[in-house]
Amino acid sequence: MCCGGRCCVSMTQCFFDYSTSKVLVIRSKSVGTLNRFCQAVVLAYIIGYVCVLKKGYQDTDTVISSVTTKVKGIALTNTSDLGLRIWDVADYVIPPQEENSFFVLTNLNITPNQTQTRCAENPGPGSTCTSGRDCKRGFHDSRQNGVQTGRCIQFSVTEKTCEVLAWCPLEKGNDPPDPPLLAEAMNFTVLIKNSIRYPKFNFNKRNILPHVNSSYLSQCVFNRTTDPDCPIFRLGDIASEAGEDFQTMAVHGGVMGVQILWDCNLDMPESWCMPTYTFRRLDNKDPDNNVAPGYNIRFAKYYKNGGKESRNLVKGYGIRFEIMVFGKAGKFNIVPTLLNIGAGLALLGLVNVVCDWIVLTFMRNRQQYSQEKYAYVGDFGLLSNEVTEPSGTGFVEDD
Amino acid sequence: MCCGGRCCVSMTQCFFDYSTSKVLVIRSKSVGTLNRFCQAVVLAYIIGYVCVLKKGYQDTDTVISSVTTKVKGIALTNTSDLGLRIWDVADYVIPPQEENSFFVLTNLNITPNQTQTRCAENPGPGSTCTSGRDCKRGFHDSRQNGVQTGRCIQFSVTEKTCEVLAWCPLEKGNDPPDPPLLAEAMNFTVLIKNSIRYPKFNFNKRNILPHVNSSYLSQCVFNRTTDPDCPIFRLGDIASEAGEDFQTMAVHGGVMGVQILWDCNLDMPESWCMPTYTFRRLDNKDPDNNVAPGYNIRFAKYYKNGGKESRNLVKGYGIRFEIMVFGKAGKFNIVPTLLNIGAGLALLGLVNVVCDWIVLTFMRNRQQYSQEKYAYVGDFGLLSNEVTEPSGTGFVEDD
Amino acid sequence: MCCGGRCCVSMTQCFFDYSTSKVLVIRSKSVGTLNRFCQAVVLAYIIGYVCVLKKGYQDTDTVISSVTTKVKGIALTNTSDLGLRIWDVADYVIPPQEENSFFVLTNLNITPNQTQTRCAENPGPGSTCTSGRDCKRGFHDSRQNGVQTGRCIQFSVTEKTCEVLAWCPLEKGNDPPDPPLLAEAMNFTVLIKNSIRYPKFNFNKRNILPHVNSSYLSQCVFNRTTDPDCPIFRLGDIASEAGEDFQTMAVHGGVMGVQILWDCNLDMPESWCMPTYTFRRLDNKDPDNNVAPGYNIRFAKYYKNGGKESRNLVKGYGIRFEIMVFGKAGKFNIVPTLLNIGAGLALLGLVNVVCDWIVLTFMRNRQQYSQEKYAYVGDFGLLSNEVTEPSGTGFVEDD
């Protein structure tokens, strides 16, 4: 943007020069229409899509969130091992707290009163034996429950297996009970407290909305249609909303995602910024590729009676609920606006390229247009258009 | 960018054509000044804002971090249930480890020696009764502590409630002790070890800075002014820096955010890349919307004496500290630089549009300018400016 | 983009005007070559870098993932405290589950049978004493194990220290055993189940690939060359792949990162979207700045015998494995494509600026070119080029 070869001459004079490109106006309906049409398309794209849909005029920020959960409910089980037993939160939520997720025990295989001693390994490759020669002292691998002592003993009346040093009695490789022991977990409720923050806009909100009061909170349960703002969820509802059958899922366990979406347009009133809840099963359950299904954890309760340590081993099947908080907030900001305008203008430039090409290639009087548009100068001075006009293109009329 | 209608003729010749737009230089102080001014504004924006402030010339990467924490300190409590008792880390940090967060027990309601048996439900809707007819055998809901047996028994001398099968004695719905039992938690300290990584730039650093040695680390405590580099924090200080009163917070519990910010300009020396710590309360505490305040967890310690299982149920109020690590690193990169220049140039284009409009609409000799700027060609050959000059606009002088 | 000063006259006519800039074609090999070369460079950059490398034509989304882990393996230890003892998952994974990470105990200092009583504090500043006068009743700080009772008693035959109320016997400040007790942890295996989702493209996948069947899964172990798709990892392999010696790391513990990268080009067949595993040590271990090394947690098992509560305090050194799931998926989308084209065109504009400058400053016939390119108009009518030609620049020939 300088006044060309003359810069050297006088900067000050040059400074006040305003350079604007010379323009050839082609006054032709067809071209004009084409031109305007192209421009309209581009403008429509810029305004309609970039500005309106993508909110290109907004600066955005992603959410920061903090989640705490509180599960409520009790279940009654009746098993040979444990007899009649009540399960409450302290029993079935393991560990008592996690960040952004909680685990609810729904089914279990319990092996009570294990002690560190010797017993017969469960039958299987590497453990079934006929004599001590089949057992290697000190041998163990990840598929075994203990360290072999080298002896071969009766596992049952029919079978002999290697003796192992382990927590005995060993856990049996049983399938989990079906129906699940804690089938009532379906009716447990969880209160999810979620506070979010958009640091860039210093905006804070929580999913317990201002109009929610304690009395409502004490008895409401989330329902997409009737109670969309209640932050208390029935586990069974979460599963069914995700299209899962809770009871089936409870048998082998699984992982559920509780997605909280906070999409906020902060150019609008704050009260419009609301969480929306969606539920999805996160672990795989497609039947034709269902290796290693479900979700379970092993944990033990340790006791000591008379110096001797014993434990109850629990293989706990359950559902882990992961609370995922998403969200983007947008607020008008001049920078992205200008950026998008800039990019838009560049696209408007495209229109001229396209039109020029059409005009100078297809229009009837393209020759004439191009003569007006282009001036030619060679290394040895100006060339008249006529000169550069290729002979033999056979123009009848040539002005 | 081709030489128009002649492309077809000779590509090679065309190839060496350089097309540059013809320019009309308007040598007028007013226009010139306007033009330069607009350009200056745009340039100022591009350079000042995009480049300097937003560092538009840098490629950025977000932080990956790993956090481990270690809490230290002991507290002495004296309660009727437990008598004189010392609390150390293994007692008050539950669970012993979490990812990016830790929970410190500050207050608790303990219900010792619970066993699975029958007792009177706490009074309340659905439990108070006058005779067995008011109690449904096997009935329970999330507000009850157990499963009703169907009998109606004395809860106290005055009240009768339904008998339930539950962990008895039941937890009393008491408010948490105030002042909190573990008020001394205020003086606990936590060592936060944080290693970060910017994968794109293969840059690693940790919050234990190179100049920090073991002896200093063994006795320092973070203080924004005197010890800003010490990664050991006093819980009380964290709360007060966040503008909270630790003792008040400790009663019902809460969630504190420990934010570690790693904003690094990697074009600068590495030693300039330092963590900054800020503290914020994450859970809601605004008085006029304070439903479901604080944070507490229920957990139990299980015992077995003579085959009979019993447990101590603890409703633990406490503060969960969530360590959030943020950060963006920037380093010069040609791509975003060019991108910003491109957008900037597009904006410079705007200037001409604006100036043209002003010149051709408001300037005294706009007629003259536009005659120079525009040439007109219709479908039927070149139109002289005069021809297109509308009659009746009443120009006195017309060159 | 309007027909200048004439807008006012007739909008309709104006509407059909198509304005295209007048162009001066300089037919010169040198300039032409330069021009084409610059354009080539810019185009190469746009196409090669932005489109091919950076896939600028794609819309991108970041991964959402859910991870569950299952550790297998047993270890045998033989210590004076515990005698011969088997460790299985329930013993060495603490807590039984975490989100996106798991902790494996590799080494420990155990302090069995602690009870709440009085004993002599470990020697050290603030605890060693000669008489009761050196001990403050009720005094304690974060470096002490209990609350001083005010008495000064024998710690050993030689030493006297203040008596404290604490969990006695106190934990000894011993170094962790070397070699580590659970050295066999090296051979433990972990099954990492990871399901990912790209919400924007509604694309789900898991790291147990379709072609993996149960029988393979039951016996495979990850190996970068032979079994790259097996999601079962040997802890020892993870360490060695990260360039660490497991046994050394196991002594003081540490933090390992298991990075799962899901970079997917969804314009390609889905089966091409595969996870890649990399392993990195996250905690610092550089020798010259190795303060507070390793990773350990304190936890306790609580027992009650005859009403009296006791506990086994464990200072557990171990390795925490953090599973970090990264990834970006790209799929063709028109918006980013246009955005990049726009920015690219703006850059192409640069080329003309550069060439103009060169042409009008260095070329032999710059004068001539500029005369053709520029027309001058002042406030008082058109200025012929000659007029503005500065006298004294001494041009011999002037056309």
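For clarity, chains are labelled A, B and C in written order, and residue numbers in each chain start from 1.
By definition in this document, a residue touches a chain if its C-beta (ideal position, glycine included) is under 8 Å from a C-beta of that chain, and two chains touch if they have at least 3 such contacts.
No experiment lies behind these values; they were computed from the predicted model shown.
Engineer: Using only Cα atoms, superpose chain B on chain C and state the rotation angle in degrees, rounded to the nearest 5.
Structural biologist: Angle of the fitting rotation, chain B to chain C: 120 degrees.
Engineer: Same or different, please, for the chain A to chain B contact, judged on whether over half of the interface numbers appear on both copies.
Structural biologist: Chain A and chain B contact each other through largely non-matching residue numbers.
Engineer: Centroid from C-alpha atoms only, then distance chain A to chain B, rounded to Å. What do you get?
Structural biologist: 17
Engineer: Note the residues in chain C that touch 2 or more other chains, in rising order.
Structural biologist: 1, 3-4, 19, 21-28, 95, 98-99, 303, 305, 342-343, 346, 349, 356, 372-375, 388
Engineer: Along chain C, where are the residues that touch chain B in the complex?
Structural biologist: 1-7, 9-10, 19, 21-29, 31-36, 39, 45, 49-50, 54, 94-95, 98-101, 103, 116, 138, 140, 142-147, 165-167, 255, 257, 282-284, 289, 291-292, 295, 297-300, 302-306, 311, 313, 320, 322, 324, 342-344, 346-350, 352, 355-356, 359, 372-379, 381-383, 388
Engineer: Provide the residue numbers of chain B that touch chain C in the complex, in ascending order.
Structural biologist: These residues of chain B touch chain C: 1, 3-4, 13, 15-29, 64, 66, 68, 72-74, 76, 84-86, 88-91, 93, 95-99, 187-189, 191, 193, 195, 206, 208, 210, 212-214, 217, 301, 303, 305, 310, 335, 338-339, 341-343, 345-346, 349, 353, 356-357, 360-361, 364-370, 372-375, 388, 390, 393, 399.
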